[in-house]
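Next up is a structure, given as structure tokens.
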Amino acid sequence: MSDKSIQVIEGSEVGFATTRVDALLGWARKYSLFQYPFVTACCGMEFMALASPRFDMARFGAEAPRFTPRQADLLWVVGTVSQRQAPVLKMVYDQMADPKYVLAFGTCASCGGFYDNYATVPGIDKVIPVDVYVPGCPPRPEGVIDGLLLLQDKIATGDRTPAVVKPRTDPVPKDLVSLRRSAEGDPVSEAG
Amino acid sequence: MSKVVLKRLEKRFGEAILSTHDQFGDETAVVTPEVWHEVALFLRDDSRCQMDHFIDLTAVDYLGRRTPRFEVVLHMRSMQKLHRIRVKTPVAMGPDGENPKVDSLVDVWKGANWFEREAWDMFGIEFKGHPDLRRLLMYEEFEGHPLRKDYDANKTQPLVEYREGYEKQAPFGLPEGMPFGRQVHDRWKVHVAGRQTDGKTNILGFEED
Amino acid sequence: MEPLDVELEDGELELPTDPMLLNMGPSHPAMHGTVRIVVELSGETINKADVQIGYLHRGFEKMCERGTWSQVFPYVDRLNYASPMLNNVGFALAVEKMLGVTVPERCQHYRVLLGELARICDHLVCSGAMAMELGAFTPFLYFIKARDIIWDIFEEETGARLTNSFGRVGGMAHEPSPNFKEMVRTSIPAVVDLIKDGENLVLENRIFLDRLEDVGIMSKEDAIALGWSGVVLRSTGANYDARKHHPYMTYDRYDFDVPVGQKGDNYDRFMCRQAEIRQSARIIEQALEMMADEGPVNVEDPRIILPPKEQVYNTIEGTIQHFKIVMEGIKVPAGECYSYTESGNGELGFYMVSDGSGTPWRLRIRPPSFASTAGLEQLITGQMIPDIVPTFGSINMIGGECDH
């Protein structure tokens, strides 16, 4: 039996579980991410959408923002980081307590995006280590949620290698748009 | 509309107006740097002009195209009369590569303050009489003026040293992909102790559909 | 014990205090992550303030000098990222002014429609964020929900929720989709209802009003001299709206009002924005009526507009034409030009110098919120620390355009 596993031993009527401590910790951490949103640029607009009712990040246990890095364990870097901003980012990261995770939100945070010039840092991994990269300019909220789940998986397994959210194809039928339009002839009913 | 303004400018300043044109419908006057401040004051206070609304101040670098090399460009409009005008002045680098200089307009329009700081930051044009000429968009440690044509667009001057070994690594380099990913859930399923299930039962023992 | 009410000279009992320096931002939740304000305090009153921007300077102008004219569109999207479509339209109009072309009327209405939808989003984001920073989180949720409805329209039309890059020189990337009108007609009432719901929560709330009213007052003369424009200028009582006073596109044919404030305090700025949303809704209704269902969207000029894809793949002329526009760029006549539109924050100007090649020699953007942010220092001097937050929120500083 691999030592990464969780065992459920049925001994008495009530039953009890043994598990490795770090697996338990990982499980506990993964659903109580306190986030520090380091929001700088356009991606912040999409970040607002993510916090709002439609996409509702709170469903995944990453709701409460903490505006002091000392209380946060997930750093969202949302938007372009310029050379002038980089020391601030580093300082914020250094102030966070372990264990800390970093999620690069958007192309700019991941690699500098199309601002390949004197003013921007080509990706925040030049300054701080990153756990999950979410590509997109800006990424769709679904993509970000995908990234968040990926991070939770990584926390649960204790894996710290950087990872990228892969593009996914929609499992739904191709003619989703026409389906939606013909449903009631009212595209807003979905939105509202 | 602003033909009137151009006429009045020409009448008032005569020789100091180097040229005028109205390309694409924008009336423009090119003036000598000596009268720069005077022209601005005149445009603001003259009863026929009343250019009270400050719009924009910037510079253009014509490296290799024109001498003098730089041009400072000012746009303004009048709230009452609704006309607009552009005034430009050519400024040159000093003989030993010193920064070009021109009078500051902060005492004419308050709004010129930040626009002049930006022009100083980006082009290195010194505004004489500016109360607080500091860099605005770049940081103090930055050397050079990025919007000059001879500043290379790719030349960065990092404030924080880059980490080791991160030359465009993930997501572009080897570690691409996610070896763990979603399979974690499956792994959990299989290892429900004592019951090596077929993978269809999850850890809580519910049947999955 | 000595009596407490001895007559004292003013301030004799107070301990001498040194002014204290306090640093807000750049990574401060109320500073939108991109502004740093260093304030000198005596007690809680601000004696002096130094507003520092530039934390989001991304070299927009330098980047534009490297590509063709059409390649600028993605960059202008990310200037005022609360309303990308207005920037798209503004830049397209600027290049068209230099080329001397006018887009067909159908396209003009289409641009107005998309632009006004974007303006609603812009004001929603600003008001919502401002309310949130003052502790009223619920209106923010309502406003974002309303914005999501509009973003749905954008997504159907342009394929992107936020950064559309949908404008083209001489037209639009695509013609309106068949469901466009119906979609807008059904969504606008829903959006306005949601906005009303959100407003009802704050506009009778004493705490909210107390923090807005008579805070951050700017006089009309100062605002004009500072170069303010847009909502922030109109809130001071000056009546200037580029759509009314220098009409471009089809704005002279719609019937709409320009909301103007009285005092120029935070409350006026907030209310002007909310009133403008209603006016935008009015414009949208009229433009929907006027926009034809059929007809060309792009100008017919093979030097500007890309040929249709069938021609590119099947005819040699089409391929060459496509290649020339993509590789060399649209040839814009040499000269200089300043073009302006009313964007979400005010007058968005483009000053362009062309040397006749396919690449801009210099492209200067005149960002409206740059001028507004320059006035922030004056607004907050003499106020208390907590007043910084609503004042900063109400001028709607957008990092992308303010820092270029």
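Should a chain be cited, it is by its letter among A, B and C, assigned in written order, with residues numbered from 1 in that chain.
Everything that follows uses one rule, which is that a contact is a pair of C-beta atoms (placed from the backbone, for glycine too) under 8 Å apart; a residue touches a chain by one contact, two chains touch by 3 or more.
Every value quoted in this text rests on a predicted model; they were computed, and no experiment measured them.
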item: Other chains in touch with both subunit A and subunit C; value: B
item: Central chain (by mean CA position); value: C
item: Identity of the chain that, by mean CA position, is farthest from subunit B; value: A
item: Subunit A and subunit C, separation of their C-alpha mean positions in angstrom; value: 29
item: Cα-centroid distance, subunit B relative to subunit C, in whole angstrom; value: 17
item: Centre-to-centre distance between subunit B and subunit A (centres being mean Cα positions), rounded to whole Å; value: 32
item: Touching two or more other chains - residue numbers and ranges from subunit C; value: 54, 57, 59, 62-63
item: Of all residues in subunit B, the ones touching two or more other chains; value: 138-139, 146, 153
item: Multi-partner residues of subunit A (each touching 2 or more other chains); value: 84, 117-119
item: Touch list for subunit C against partner subunit A, complex; value: 26-29, 32-34, 54-59, 62-63, 74-75, 78, 81-82, 125, 128-129, 140-141, 144-145, 147-149, 151-152, 156, 161-163, 179, 182-183, 186-187, 190, 194, 399-400
item: Subunit C contact footprint on subunit A (complex, rising order); value: 37-42, 44-46, 48-49, 51-54, 65, 67, 79-80, 82, 84-85, 88-89, 92, 114-115, 117-120, 137-138, 140, 177, 181, 185-188, 190-192
item: In the complex, subunit B residues that touch subunit C; value: 23-26, 28, 52-56, 58, 60-61, 65, 73, 75, 79, 82, 84, 86, 109-111, 113-115, 118, 122, 135-139, 146-147, 153
item: Complex interface listing, subunit A residues touching subunit B; value: 1-2, 4-10, 83-84, 86-87, 90, 110-111, 116-119, 121-123, 125-130, 133, 135, 150, 153-154, 156-157, 159, 161-164, 166
item: Contact set on subunit B toward subunit A in their complex; value: 138-139, 146, 151-160, 162-163, 166, 168-172, 175-182, 184, 187-188, 191-194, 203
